[in-house]
Each structure stands twice: as C-alpha cells, then as structure tokens.
C-alpha cells in the first residue's frame, strides 16, 4: 500500500513498478509484513499480507461480482464453517469461491462449475493467486450433473436455478443447504414452487438493503449513493 | 425434528420427552443422521446433526443476541476464515463466539471476554453444547487488558467501544480488523473520532436493512413484519 | 386533548364523558380553539380544531387503511391540488377520500365508489363528520362504469385494477393521472402490461420504506419497529 | 411533448424551436390541450397543460431541490389542504412553494422567505411561470422575524431550524404544524431538544427510503439506482 492508501498485488519474483517509483525484486523478497519499503523516488510503501477483501478488490474480473454483504449473509444463513464441503454453480470471476475457500479452510473443499471457458480461466488464476488449495474450478456444465456427494452447501448463481433442484437434492447431505442468488423476482417465485414440490424445507428469500453512513465535520448521514438492489438470496434445506 | 418441523436439541444419555411422546436413550444412542425414530405414540422424528443456525436458535440465551445477517456481514467484511485468531469483547449468550468458532475451525481460536458471571456461564455451556474446542470464554473485564497477541479480528459488542481503541491497536496484527456492533448513532460517531486519532484506516459504518419476501398463492410481497433497526457495524483496519 | 395527550372527537350537542371526568355540552358549545376546559374531576382538556390527521386517527374504520406516507406520495406524484376532480375506486373507511377532499377544497370534487354497503355507510359517516361537502360516496360497482368525465386523478384501491384501464382512459383528462395501490408484485406486473397496451405513458411503480427515528437520552437510532411493506403505488398518465 | 416523450415549456408569444423543427407562434396561440401540432420537419408534438410535476421538472433551478416523495409526506403529515396558510423559510428554486401553492389554492396563501437574492429571483420567476397568485416570495431573512400570523404550516429548509423555534411558536395557530427538512442527524437532534423545551408536541422525525421497481421482459426487480438518503423530515405541533 502506498502513502495514498492505494493497494497493489505484488509478485515477489518481479520488480515492482508504480507511478510512485519502483522497488527491486530483491527488496521485495526479503521484506516482511509491516515493513516499510522506499522506491527510487523516496516514496514509502508498507508491505501487507493480502486478505480476502483486498484480494477480491484487486484481482481480475470480467463480469459483475456478488458483493461481500450478500456473501456474508450466505455464510451465516447456511452455517458455513471450517471443514464444510461446498459446490458452486456459476463461478464467474471466482469471488464467492474464494470467500468460501477462505472459510472452509484446509479441511474443507469448494468445487465450482463454470460453463464459459474464459471465465473459468480468470477464476482459476484468481484462485491460484490467493493460494487456495481447497478450491477447484471445473470448466463444465453443472446442468449435466454434479460429481460430488454429501455436500454441506450448494450455491447457485445461475439464471434458472430451478433446473438443478433434483440434482441438488441428490447431492446435499441431510440437513444441508441450497443457496441461490438471483436479481429477478420471477426467478425466486419459480424456484420456490419447484423446491416445495421436491420436499425442501425452511425455504426463504431475503434481500439486504445495505447502507453506509457518512461521518464528516458537517454532520452524520446515510450516504447519498446506495445500491437500490443487487440480488435476492433464496435458502432451502434438504430435510 | 418432529413432523411439524419443530426442532429439539438432544442429549444422547437421556430419554427424550416431548408432547409427541418419548424415545428411549438406547434408541437415541444408536441412531444415525437422517434416520427416522418413532415415539411410543407412533409419531416420527428425523435425526439431524445440528448446524450452527439450529443450535443458536435452540440454545439458552438470557440477553438479546446479534442476528445472523449482522454476523455474516462481519465475517465477510473482515475476511474471517479458517485459521483466524479472534478476540471478542462482550460475549452475551455466546452467539457470535459460536459462529466465529464455526468459521475459524480447529486451526483458529476465539477468545471471548464477558464481565458478567451469569452470561459467561450460559455462554460456556452453549459453547460446550456445540462441541467447539477452539472457543474460550473468559469471565474477565476486557477493559483491564487483552491477553492475546497478533489477532486477526477483534469484535466488540460493548456500550463504549472507543475506550478499547488503544488496546485494540496493540493487540491486532498489521492489516487486521476491528469490528464493533452498536445500536446508537452517537456510539459510532465517538468511535470514528477516536479511531482516526489512533491512525486506523478504512473506517466505515454500515447497516443492513434485512427484508424477507413472502411467496403465497395470493401473491408475492415483502413481509409486513420487519425489524426497523438492529445495530450499526463499524469496521476499521490497523495499517 | 387531555393532559396525557390523548385525543377525542367531540360532538357539541352532547355531554362529553371520559375516564378523566365529564364536561357539559353547554361548556363545549361556548368553547373556542385553544381554550382549556376542566372536567368535574378538575382534569384539564384543551379544545382543538380537528385536522385531517387527528380525524382519520380517531374515526371509525372496519378495514385496513392506506397510510399517510402513501397518500402523500400519491398527492405529490399526481400533482393533486385545490380544484382537482378526483374519482376513487374502493372507498374503504374513506381515509383517502377525506385526504383528497381536504386537498381539492371547495372548487374540487371527490367521488368515491364502494361496492360494499357496510363500508360505504361508515365512509359516508366519516366524511360527514369531517364536514367535507366536496366528497361523495357512491355505493356502486365501479366496474360497471364511471359516471364522471374529465377527471384529473383516478385512484384505484382494487384487487384487479387492470380491469378498469379502458374505462379509466375514457374518464381521464389528457395529461391526467391514474394511481393505484396494491400489496402484491403480481398485481403491478399485470397492470403495467395492460397500461402499456392502452397507450398510457410515464408508467412507474414505487414503494416507500418509511422509517421513524428514536431520539432518547440513551441515544439516537431508527426505531426497532417498522412496517416491512404496505403497498406498491403505480402511476400512469394518459397522454 | 415530442414523439420521444420529451417535454418542453412553451411561451405562446414566441416561435417554438427544437431539434425536431419549429412551430410558429400563431399555431401555438390557437392550439388546444390534446391537439397535435407538426413542425416544419413534419415531427409531431402534442399540446398539454403543464401540471406541477411537469413544471418543476422543467423550470430553472440553481440549487438542489426537495423531491416529491418528501414534499408529499410533508403534505400528508401536516394535513395541508385547500385554504391553508403556509410560511416557508428557505425558498431555494421555489419547488416546495409551488407544490404548496398548488395544494392550498386561491383561498390559501404561501409566503416564502429567501435570504439570497439570486435564488429569490429564480423562485419568483418560477412561481410566475406556473401562474400561482397565492404564492409570495420575500427576499428577506426569516430569522429577523415572520410577518404573518395564525399560520397552519411553517416549513423550514434551513441549516439551523432550531434558531426559529420561538418565532415559529408565536406564528403558528394552536394545533398547527412545524415541518423541517435536514440532511444531517445532528440537525434533528438539536431541533428535538429545543422543540421539547418550547412545549411542542407530537415531535417526530422520519425518513422515506424511496424505491422504484423495474418491470422489463427480462424480469421484475427494484431498480439498481436508488438515492441512499435525501433528508430527514421533522414534524412538531403547537398544542
């Protein structure tokens, strides 16, 4: 991070270049967390270990991503934890896969299906860059079947999640969760019907209207800019 | 869970009694997940492994608890994951400690400070009941000092979190997060000032307005009942 | 209004009785706005001229009513003002008719259709009690036709407002507005389609999430209790 | 309005020019509401009588304006109607004055104080353009005193509305309302205290989170763009 608070992802085997000057790879290799490095322009940079939020902010993405507020609610409402086994349909840039991988840890596993080769490649690079060994991207159509068994959470970011309900039922453990993310009302309406017909329980659809506060010398108020809507989250349980 | 969808926490070394009849402990001991047991009244119960949401719903609590929507946002916004080291101030019934313990897993650790002995006892029982070995409740005033070092996340559910800012700074790793939960606007206003003075970065206060949808044969709509406000979440980073 | 802030609707030709004692009709008749009257128990009451909010709060109603927040948005979004001609379908207890009547004044006119005789009677009494001479309740099925012509605003609080669209088009002035109130998403979806087919313009559906703040010595915060949803308002213009 | 739905304010004594061609003033003078006029480019325009929403949308404004959603809530919560007497502090471009003038009609009156000469001039032109004879703009500092008496509503859009509370009390009728609009939390906090000390009743502060729905062939959803916050409305009553 530079003096302005701007963050950079660093590869230790290359010299680092920025508009604030460059740092040689020898110095990067020897640096430790919290250490301050100077560029040839005498600008200061602080060395930090990337966390999942930094990383997702800086990694490559060619498609819209699911926001942390929605990912957090998925984690809490499905009781995701260290050791959980997750299957995802619709990897995109890999944002959710990376968050999930960060939570399930070395005893857990995340398998994410992505039909588009370009997205799968980006996601795979992103996962590798965050050094997650428990996340696997499959460039494969999830509608043709889920290879995994006894899964704790299936998360679908697909336009027609209802097409997967029977396969989801076969794949989930007893008591385990399906979670879906969809922008449109029609999508969760159809999904609810199909879930009910397939005996899923605790079906609910929620939405998080997320507000950030502004605290300035002029006064305190909710920020003027706010996202009106991201997506609806639907949860259901195989019981 | 009985035929109505009502859930129960079971101890295997005791007979189980309910208004739907009883099941002997011998049957409970031998049962497996997904199995169906019948009471002496021929009512069916399905055996399920408790997950964190079931558990928190059913465990004893003598104080108001933080809702999953807010816990989820804390997890996502602080990048909490398997292996993280967490310190909490204000255990209450142990809800957040249990969610955090579930996420950080066996390689992580949660230490939670609670000044009130009655709450600490309830929380300890709750933690034990969920078989979390990585969560420790300390019946101790956190304002007298935090024993832990190099912590990834400090979460404070205290009326005056600003009193802890200097101690928090000493305890957190570089790049690590403070998160606080407070119902009142005045609280995050004071906290922001103190955090800025102490050099914390990325300070933000957010709120999640949580809406559940109702999907009935009559039509689809947001539910009439909704919580108007739970608490403000403030995040800050030691950099 | 008594010393506790509780309000009462008074008829001048009857003695007034309350749990704070009674006041004779002779005193009521002679009283003026702002004057303080004492009951035989020496309790004080202040005499106030009822305004539309007081009145709607205290009047008889046997059905759910539309809230001021939604009525206000209808008034502003349709540019309702003194002299406007309004037709309403679905009077209920007469709340909206009374608010509209209050705004359009002696040069305007509100005609409200109500199919249920019991509601029409309650509404008529309520209108009379507020001394509005520009509001007329018709106990008549609006689906059989609207008698009025060249109307500035048609407001429909009906389960199937789309059945009225052609009649609405015939009844409205050029540039005038249709406004509808419906709790369900399916309702405004169907309505949008029919409105478009009939050439209506500026079609929009909005919702007002209404939040009240709590300012106490403990601190300031949004109130815990909040209505999650009342209804969707749809506006369209005949152009 | 042209074929694209774009609206224009027309002066009958001048030729009308647009990127769709021009129309001679002789044709404008003779035209009637609902009539279709063609430009020299054979483009069609429909003649409409301006309503308050059209007008406010098109009129000149050099400062931020209060939105209809907030104006509507002020009207409904203060029971504003035909014949009401209104005083406003802080005219701005005259938006609220025009809406209020439209509601109170020829039997009512709106007096609006604006300290800045440039704003007062714009507002005066805007009021004249909408042909409101019941609205008067005073280029005068409202803090030096309110000339009017027995007022039904005082609306203040001032940074420090609490400085006016005593004067407001003198000016309002018994039972009448003060309404204020302020973006910051600190503002309504101070105001509440001063209002209480001055014996005002029914003090409340509210906020309207306004959401518009999007109905497209792809599906229905709340719009992505939404204002996070406009202002807090505080209401109080002199009793």
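Here the chain labels run A, B, C and D in written order, and each chain numbers its own residues starting at 1.
As a convention for this text, a contact is a pair of C-beta atoms (placed from the backbone, for glycine too) under 8 Å apart; a residue touches a chain by one contact, two chains touch by 3 or more.
Remember, predicted model here, so these are calculated numbers, not experimental data.
Common neighbours of chain A and chain D (chains touching each): not present. In terms of residue-numbered contacts, A-D and B-C present the same interface, as over half of their contact pairs agree; the other options in B-C, C-D or A-B do not. If you average the CA atoms of chain A and of chain B, the two centres end up 22 Å from each other.
Inter-chain centre distance (chain B to chain C, centres taken as mean C-alpha positions): 45 Å. The geometric centre of chain B is 48 Å away from that of chain D, both derived from CA atoms.
Residue numbers of chain A whose C-beta contacts span two or more other chains: 185, 209, 211-212, 220, 222.
Viewed as a network of touching protein chains, the structure reduces to one closed ring of chains, two contacts apiece. You'll find the chains touch as A-B, A-D, B-C, C-D. Per the touch definition, chain B reaches chain C in the complex via residues 183-187, 209, 211-212, 218-229.
Residues 1, 5, 33-34, 46, 48-49, 51-54, 68-69, 71-83, 99, 102-108, 173-175, 185, 188-189, 192, 201-202, 204-213, 215, 220, 222, 232, 239 of chain A are the ones touching chain B in the complex.
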